[in-house]
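You will see chain A twice below: alongside chain B first, and alongside chain C after that.
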Partner chain A sequence: MKESFFRSMTWLHTWVGLLLCWLLFLIFFAGTISFFRHEISLWNQPAVHSIDHNKQQQQTLIESGLKYLDRAAPEANRWWIGLPSNRQPELQVSHRHTQGEGKRDKWIDERLDPNTLSPVEGLIETKGGNFFYRLHFDLHYMDRKLARWLVCFASLFMLIALISGIVIHKRIFKDLFQFRPQKGVRAWLDAHNLSSVLALPFHLMITYTGLITLIFMLFPNPAETLYEDGLKGFRADFYPERQRIDASDIKVNYPAFTAAFTHFYQNWPEQKIKRVIVDHPSNAAVNIKIYGDNGTLIRDEYPYWQYSGTTGELLKTARLDPSNAEVLYGGMIAVHSGRLAHPGLRWLYFICGIAGCIMIASGCIMWAKRIRERLKPTQTASFGLKLVETLNVATIMGLPLATAGFFYANRLLPADMVARADNEVLTFFLVWLATALFTCVFRDKRAWHWLAYSNAVVWLLLPVCNALTTDGNLVTYILDGKWILASFDLAFIATALVFYLQAKKLAAKVTVNKRVVNKSPRATAEQRA
Partner chain B sequence: MMYSFAMLLCLGAFYAFAMTKTAHYKSVFGTRPNQVQTQRFNRSGWIIILLSFIVNLSQGVGYGSLMFCGQMALSVLLLAVCLTYQPNWMRSLLYLLPLSGLIVVVSGLVF
Partner chain C sequence: MSQADNALTLRYRLSVLSRFCAAIFGGYFFTAYSVALLSLLIPTTKVDAVLYSVCASILIYSCIFIAVFGVRSQRWIWSSLVLSILGLDLLTRYIQGGI
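What follows is the complex of A and B.
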């Protein structure tokens, strides 16, 4: 029984792991990068690099944001003010405008320097870190619903692979620190075990809570039974702030901001504000929505206050005193997204995410290596093996290259280009496609070697490209104490170094293999003699 | 500051756990450990990791436990890399770890 149980677990781990491992790698990769979502958005927008850390009171910032929007966009159907944080230095002021029948509303994003309260000039159109964030669960060029189902399946497979993996690699805790790079396929197994065990709590947590983030799509039944109009009713109850407010025909001069904010500051003087949204600022349907900041609390959704814009009285609040169920659900999502993390924890999250990528990558490489090893010299590789090998190189080496391509596109595309943000994304996918086509032809060690070298060169030149195209460089960042931007350059160099080491290691192997191939006829001849 | 102290404790705990493995002990100290030594390393490892957990929790139950998970990952990573490529650094670490812990505590008390 034990033998067959163990075998079936191994079978499960191998095939469940292999089937979706490339999609999983993409999800893990994009997710890991998204831990630095706002930092990437900052890097991608050189115009805001020069903004100093905010020294203004939040009250002043909100007032000037509202005044600015009243001047710049009085006819908008929504104003959106995002307050500066340690991760985003600028004050975000966005406004949304109604388009013609059947068209989606149009957002216009503007930024203010919080210290001078003047608009930031020279903004470029970019998706920034939001691209990776969306890629993580919506994929791209794909119907959103279908993509989310795919991602859910992949995470479910991941969860199964993790649990069966703990069962079959039962020595992982015993050999906790073991890594023997000299031992061929054994080294890959060591890498696989090490990367999975060192961040095991993280892997289990991130996979499980990942499923929880989409739980109402996966498992809508409780909500459908409890609420008369199903999920819609549940959402209205759970997210009162997302309810659509219809415009009114009666005009209003200037909403009752003073009354609303005076009430708010009097009753919640300690509350830090994350964002303020004003719906229909120009007519009688005006509503003022205030979102509180959770800080490092393990909560996902923000506490929420909704004021009437005509009278300034408090209409609704949400999550000021969350129920236990809300705390549990919100807590799991907060732990998954890591929005609460300060830089220290954020880097730990990142390291764990990279460990996850290595775990998946080493797993699929190992599968191909094992099958290759079992091949007899006269046998040719099957289509399946070739497919796996191609997908391995294309995904594992292609994604970092494509990411670098995305960063280059951000710096090198002309600032006034039409659909610039989409072209950045297009560059990402074109680079990836090019790598995939290349690997269709070459998929052996040489492909790995060549791509590792290209990755190293490309990542190393990224700080240079940044220094040439923007006003700052690594030295000025460090001198000015702009640590986020400095870490970008350092992280690029570190990535380049890792790929260089990989390339060097692969180069040694490629030459060894050549020697073995050269020697083998002579060796057999000697044996015969 | 407290989190760096907890990180050092965590690193120390996993150091002790690594030294309970014969192969790693041998690569660092050159001899085989006797049973008493292994047991001591094991016990001190558990005590130190518990301390690290407590220090983390004292800074915030939720946030502290997240930090603790991350610190464990980083500790194992650092030690595994060190044991693989530079096992002789591990000996210096035996003195450096308590020393840096002391520095962190003292500087935390002074500033």
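What follows is the complex of A and C.
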């Protein structure tokens, strides 16, 4: 649309980058945190901190889980057993109950200590890492479908910004080794290039595969073309395990678990199990569903075995030998969610995600800086510029502060509070709102400066708050070898340090500005405007 | 961009709006119709054909999006989008035996 393709792409990069960058920052920020989704759920639930590493055999755990459910919820229409892993130490047992006509079934979740097989005591109500996981594609306080469409469009813009960014980046290799701090906008440009180029494969991968996770909402057309009943027909083909099984009137005492599991262990002795689901455990429609663990395989959906609960006979299997298309599609989703990652790779995911956040943040800061530099001393900033500047501070500094608020709320809200989990989330949004209001009042450098200091203080005090409100602290975590919990404290301190360095850097700038400002009264007025 | 600052006329604004519409909506429908056709053309099982086509959809969408901003003539963009969508739809119906 401009004189040359190159200039068109520069224009496009600027505008698709800017238009939804704050939403994108939120998505990247929450998404990056949710690489540690289960770890956060663990941190948020101090009662499970004391659970020792699971020493039980998988077979024993499943048997005990089934026996527990038979005692606790014989009338449930579904039992659900999630086996412990390195990331989730507890044995999860859930049961679902029919609520009568027109009402949704009700789930009750329980957690057992895998070593003692008794329920974990002192659990608190919290959303844990699931809050950030949901936030990064469902947003919050809004219609889920609308939110997902918004997220899709933001991601599409991100992808376009990445592609056009590559096109306009003539010296992609040279810039890798170039960082010129202390040079105003040039330094921001270098930060932008560095964070983009270093983790470029990650950015492209995560954006593309992120869109793929919601692809059937975006493009249901192929399924609608090939199947008469559209997505429903496709899903029935693709997810045989999700087919609904109707209850029967004939009662059954205890399902044929032994026969089913004996057959399974004999034929697939090496297979680790992720979860076991029993449909209609109390009547003749009973079905036993076994989901295999994918471990570090690049697969998303689990291999699946379904046994009859009355005879113990194998009824169907799925994805034991996935086709190339399934490997492609499932692989894309698997590399997006990163469930396959061991701690090392998981940290790499996290660091690349942070690089993505820096890329977006530096991009929107640079836009505002360039426009402001171009202003003549007599001009006042336009509404658009002020809006961008305010949103920049409110989002970039507000989200980390709100996240810290969420962690504090988890530790400090009373354990028996009504709607406790919702109040944790509310704290997150209230802190963010407060930051936004603060930013509206102090829109210049001071807002950055003060918020950086607040962030540094708040993050530094988190390990202290944790030590005072729970039984453990950084020292005991390290002595006991509880590395997940120790990493939390260390990560909090590291975050505080980064914000402290930023605050110090900004403090230097604010003083310089003050000196310049004192010399010319008109510029002072401009600074405040 | 400097040119844009100098001439933020109504005409310019409208042309930007039109381009964004062409890229977002035109690109969307073009992709939707082309993956529908693609799923019919891939010679494999129904599930696999659907999976391959949806995996390609974002690639198609982003190419169209870039192209819309890369091409100079707006008239060309809109007419080729509309015509190709019609063509894709007709071809899909023809293969399905609807015509």
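Operating definition for what follows: the second predicted complex is superposed on the first by the 514 of 529 C-alpha atoms of A that agree within 3 Å, B and C clash if a C-alpha of one lies under 4 Å from a C-alpha of the other, contacts with A are read in each partner's own complex, and residues count from 1 in each chain.
In this text, a contact is a pair of C-beta atoms (placed from the backbone, for glycine too) under 8 Å apart; a residue touches a chain by one contact, two chains touch by 3 or more.
Keep in mind that this is a model prediction, so the values were computed, not measured.
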Superposition on chain A - do chain B and chain C clash or fit: fit
Contacts of A:348 with chain B and chain C, given as first, second, both or neither: first
Contacts of A:125 with chain B and chain C, given as first, second, both or neither: neither
Degrees between the directions from chain A toward chain B and toward chain C, using C-alpha centres, nearest 10: 90
Which superposed partner A:8 touches (first chain B, second chain C, both, neither): second
Partner chain in contact with A:328 - chain B first, chain C second, else both or neither: second
Chain B versus chain C as contact partner of A:208, first or second or both or neither: second
First, second, both or neither for A:70, with chain B first and chain C second: neither
Touched partner set for A:296, first chain B, second chain C, both or neither: first
Which superposed partner A:138 touches (first chain B, second chain C, both, neither): neither
Residue contacts on chain A - larger count, chain B or chain C: C
Nearest-approach distance, in Å, of chain C Cα atoms to those of chain B in the combined model: 18
Set intersection of chain A contacts, chain C complex versus chain B complex: none
Chain A - residues contacting chain B, complex: 175-181, 194, 197-199, 201-202, 205, 296-298, 331, 335, 340-341, 344-345, 348-349, 351-352, 355
Residue numbers on chain B that touch chain A, as the complex places them: 3, 14, 17-18, 21, 23-24, 60, 62-63, 66-67, 69-74, 76-77, 79-81, 83-84
Interfacial residue positions of chain A with respect to chain C in the complex: 1-2, 5, 8-12, 14, 153, 156, 159-160, 163-164, 208, 211-212, 215-216, 218-219, 221-227, 234, 237-238, 323-326, 328-329, 332
Contact footprint of chain A on chain C as seen in their complex: 1, 3-4, 15, 19, 24, 31-33, 35-40, 44-55, 57-58, 61-62, 65-66, 69-72, 92, 96
